[in-house]
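Structures given as structure tokens follow.
Next come two complexes built around chain A: one with chain B, the other with chain C.
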Partner chain A sequence: MPHPELLLLLLADARLPVGGHTQSGTLEGALTHGLTANDVPGYLRTRLLSSTRVEAGTAVVARATVERHGSLDQVERAWAARTVSPALREASRTQGHALMRLVRRTWPDLSRPLDDVVRPSRSTVLGAVSAGLGLGAASVARLVAYDDVQTVCAAALKLLPLDPVTVAGWAAEALNGIADLEAAVSWAELPTDIPACSAPQIEAWAQAHAASTRRLFRA
Partner chain B sequence: MLTSTERTARTRIRVSPADTGRCQVRSTVTLSDPTASSLRPVLVQHDQAGARISLVPEGALLLAGDRVEIDIAVDAGVRLDVVEPGGTVAFDMRGGRARWDVRITLGRGAVLTWAGEPFVVSAGAAVQRSTRARIRDGAVVALREALVLGRHGEESGRVQQSTEVLSESGPVLVEDLTIDALTAPALLGGHRVMSSVVLVGTSPPDDPPEHRYDLDAGAVLWRRLGVQAHEADLSAAWRAVRRTTGSGEV
Partner chain C sequence: MPDHAPHRPPAAPAAARAARPLRLGVCGPVGTGKSSLIALLCRELSGRLEIAVVTNDIYTDEDARFLRSAGVLAPERIRAVETGACPHTAIRDDISANLSTVEELEEDYPELDLVLLESGGDNLTATYSPALVDAQVFVLDVAGGGDVARKGGPGIERADLLVVNKTDLAPYVGVDVPAMLADATAARGERPVIGLSRTDRASVDRIVAWVEEVRRSQAAGVLVPSDPGPMARHVHAHEH
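This part shows the complex of A and B:
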């Protein structure tokens, strides 16, 4: 297996054909309901303190579960019970499907622990595959959080008239928040360890966005 | 953590089937010291199928050092409807804190509805609230809640709220929310009131579709954020839930 750092770069690359460009991290829904460009750095921080902890925690626990040959179905249920918005569950499962397609073709052996899970979420897939690729828990947590930050930032550039350098600065500022998240979730081992931090406003925006017909991003 | 000065008031209610014409309702209130304020269960209605109980506060709730524990068990095949005569205000605790812990255990085919009234977190209050429900197959639980952050014109106190509903087949709803004056604007989008209605264990009604989150495990959460209480109104959802669970008047 190649060096874990190279595999991490590969998985974090937005050019990976896993549907990342269809996602805004609910930023589009948030802007529709009154969030402004000035609020985006705060929005990134809020996500890193709430919904992204659920996602990163799920990936970390999926990784640990594959390492001890446990059942990923329990991980997936724990994630679903912590993700009240059906729109966000659907968005994650659609992305999980795209990631599975890549994994089955690229590393066929690594998809096996996922065979029993019906429509696994993106975080469950990412965590399970990370175990097979030899990535550590902290790396997996950072990967999920970094991807979330860049998803929101890339969407901001499509939705708002912003200077790309400004937005890259926001991503750089968010890195400390990613470190805090990693410290908070990378110890998790069992499905019950997955954080359950909710963000009711983001969930409400996600639902409203899913019902909207004029949108650039799926979620 | 609470200090040794905490006053615990534990209210226990258990409803069980009986063949005496009416189900059996047992309740106890245990106080750690005579100054503790408590919730006294008052039996409002009682028949063979179930009971209706009002949780009446005795003394001032909720102050620094108060620890309220409510333990409700409904055994197989019977029903309990819980109502509250009014809302609860958590007052400025001046550095202290309080807890409010609810534990629910439902047997097979048991039904619990709980029409909670607003829970107001005043500026300076620090409250940890938890609701843990364990339900067996065929049991139905319906809970209504409204969290109000600050009294009128006041900023929010601090509230850590955790909810966990577990069925026999696994977790249905697990949610933690930590809100204070700093995090409230982002987590709740500048809203001050969060109402919710959750229904677990029965096929949910189709209506209302607004403010509705269908959960994976077949349950439904209605949740609405508002600046004022009427903007977070979920009475249509609660009416639909009551019809579904076959409750009488509330």
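This part shows the complex of A and C:
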């Protein structure tokens, strides 16, 4: 296996063909319902304190579960129970499917623990695969958090008239919030350890977005 | 003089593809008639073939709604994919959202013969990856001007079929259709060009026959998806 740091870069790269360009991290729905450009940095912080902790916690626990040869089904169920919005569950499963396609072809052995999970979420896939790739729990947590920040920032550039350097600055600023998230989830081992801290407003926006007829992003 | 790039191998062996429906991509600039062509094919073929459609609307679900309201196909067989304002990416460098949707349709309707994909309508350089579609149609229209075919581009030159649509409008936009078709044919070597108008029955028959022919070769396992490529070639590709 290549160095884990290189694998982490590969997984974090927006050029990975897993449909990242179809996602806005619910930013599109949030902007439609009144958030402004000035609110985006706060939106990034809020996500790192709420929904992204669920995602990162799920990935960390999926990783630990594969390490101890446990069943990923319970992890997936714990994630679904903490992800109240059907639209967000669906979006994550679609992304999980794209990631599975990549994993099956690139590292066929690593997809095996996921064989029995029906339509796993993106975080479950990411966590399960990272066990086989030799990534540590903290790395996985940082990966999920980083990806969330960049998803929102990339979508902000499509949706709002902004200088890209301003947005890169928001991303850099948001990275400060990732240390807390990492501390909050990287110790987790069991499905019950996954934080249950969704953001109801984000879920409401995600639901409204899914029912709208004019959208650039899937979710 | 730089030579042209070597021929790329197909994305997957053709034999592996015969077990599932033909995936046919339709691309070309916005407004040239992609949705109308898909509606037309559904209307003409749905008596004989099981069909589903994937649209890639750029901004609205207009295409999907147009097709649903055209009543040519059951609404649940028409699915829209959002491309995050990247219609080009979604058919070429990261096809995962489209491919998932196609696979979903194929799972939901195991009897499918034909899946039609409509691109969000990017510029002249947008073409499908052969990993997503088995064959592709590039659509231009006479209203875009008689010069477009001559200007070329990967889709115009090397899509499996080039359609020059709305020939009925030619007198109103001052376009000489035979000359435009001759330019297109010259740019494409042996690849087919069809001048189309929904009001010209013979042209409709020609395009339907072309689709059926492609479907037959796909079903027989002899269709090898070919890549129009992203770039202009310096030298004409060799013909077989």
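Here is the rule we use: the second predicted complex is superposed on the first by the 219 of 219 C-alpha atoms of A that agree within 3 Å, B and C clash if a C-alpha of one lies under 4 Å from a C-alpha of the other, contacts with A are read in each partner's own complex, and residues count from 1 in each chain.
We adopt the following convention: a contact is a pair of C-beta atoms (placed from the backbone, for glycine too) under 8 Å apart; a residue touches a chain by one contact, two chains touch by 3 or more.
The shown structure was predicted, so the numbers you read here are calculated from the model rather than taken from an experiment.
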Combined model on chain A where chain B meets chain C, clash or fit: fit
Between chain B (first) and chain C (second), which, if any, makes contact with A:42: first, second, both or neither? first
Applying the document's definition of touch, where does A:19 land relative to chain B and chain C: first, second, both, or neither? second
Would you sort A:215 into first (chain B), second (chain C), both or neither based on which partner it touches? second
Comparing chain C with chain B, which touches more residues belonging to chain A? B
On the A-aligned overlay, A:146 touches which partner chain: chain B = first, chain C = second, or both, or neither? neither
So in the superposed three-chain picture, is A:170 touching just chain B, just chain C, both, or none of them (first/second/both/neither)? neither
Measure off the angle at the C-alpha centre of chain A toward the C-alpha centres of chain B and chain C in the combined model, and quote it in steps of 10°. 120
May I ask you to decide whether A:86 touches chain B, chain C, both, or neither, giving the answer as first, second, both or neither? first
Name the contact category of A:74: first (chain B only), second (chain C only), both, or neither. first
Between chain B and chain C, once the two complexes are placed on the common chain, what is the minimum CA to CA distance in Å? 19
Of all the chain A residues, which ones make contact with chain B and with chain C? none
Which stretch or stretches of chain A touch chain C in the complex? 17-24, 94, 97-98, 101, 155, 158, 213-218
What residues on chain A touch chain B, complex-wise? 33, 42-43, 45-46, 49-50, 74, 77-78, 80-86, 89, 191, 195-201, 203-205, 207
What residues of chain B sit close enough to touch chain A in their complex? 162, 170-178, 183, 186-189, 191, 194, 211, 213-217, 221, 223, 225
Which positions of chain C touch chain A when the two form their complex? 58-61, 65, 81-86, 89-90, 93-97, 99-100
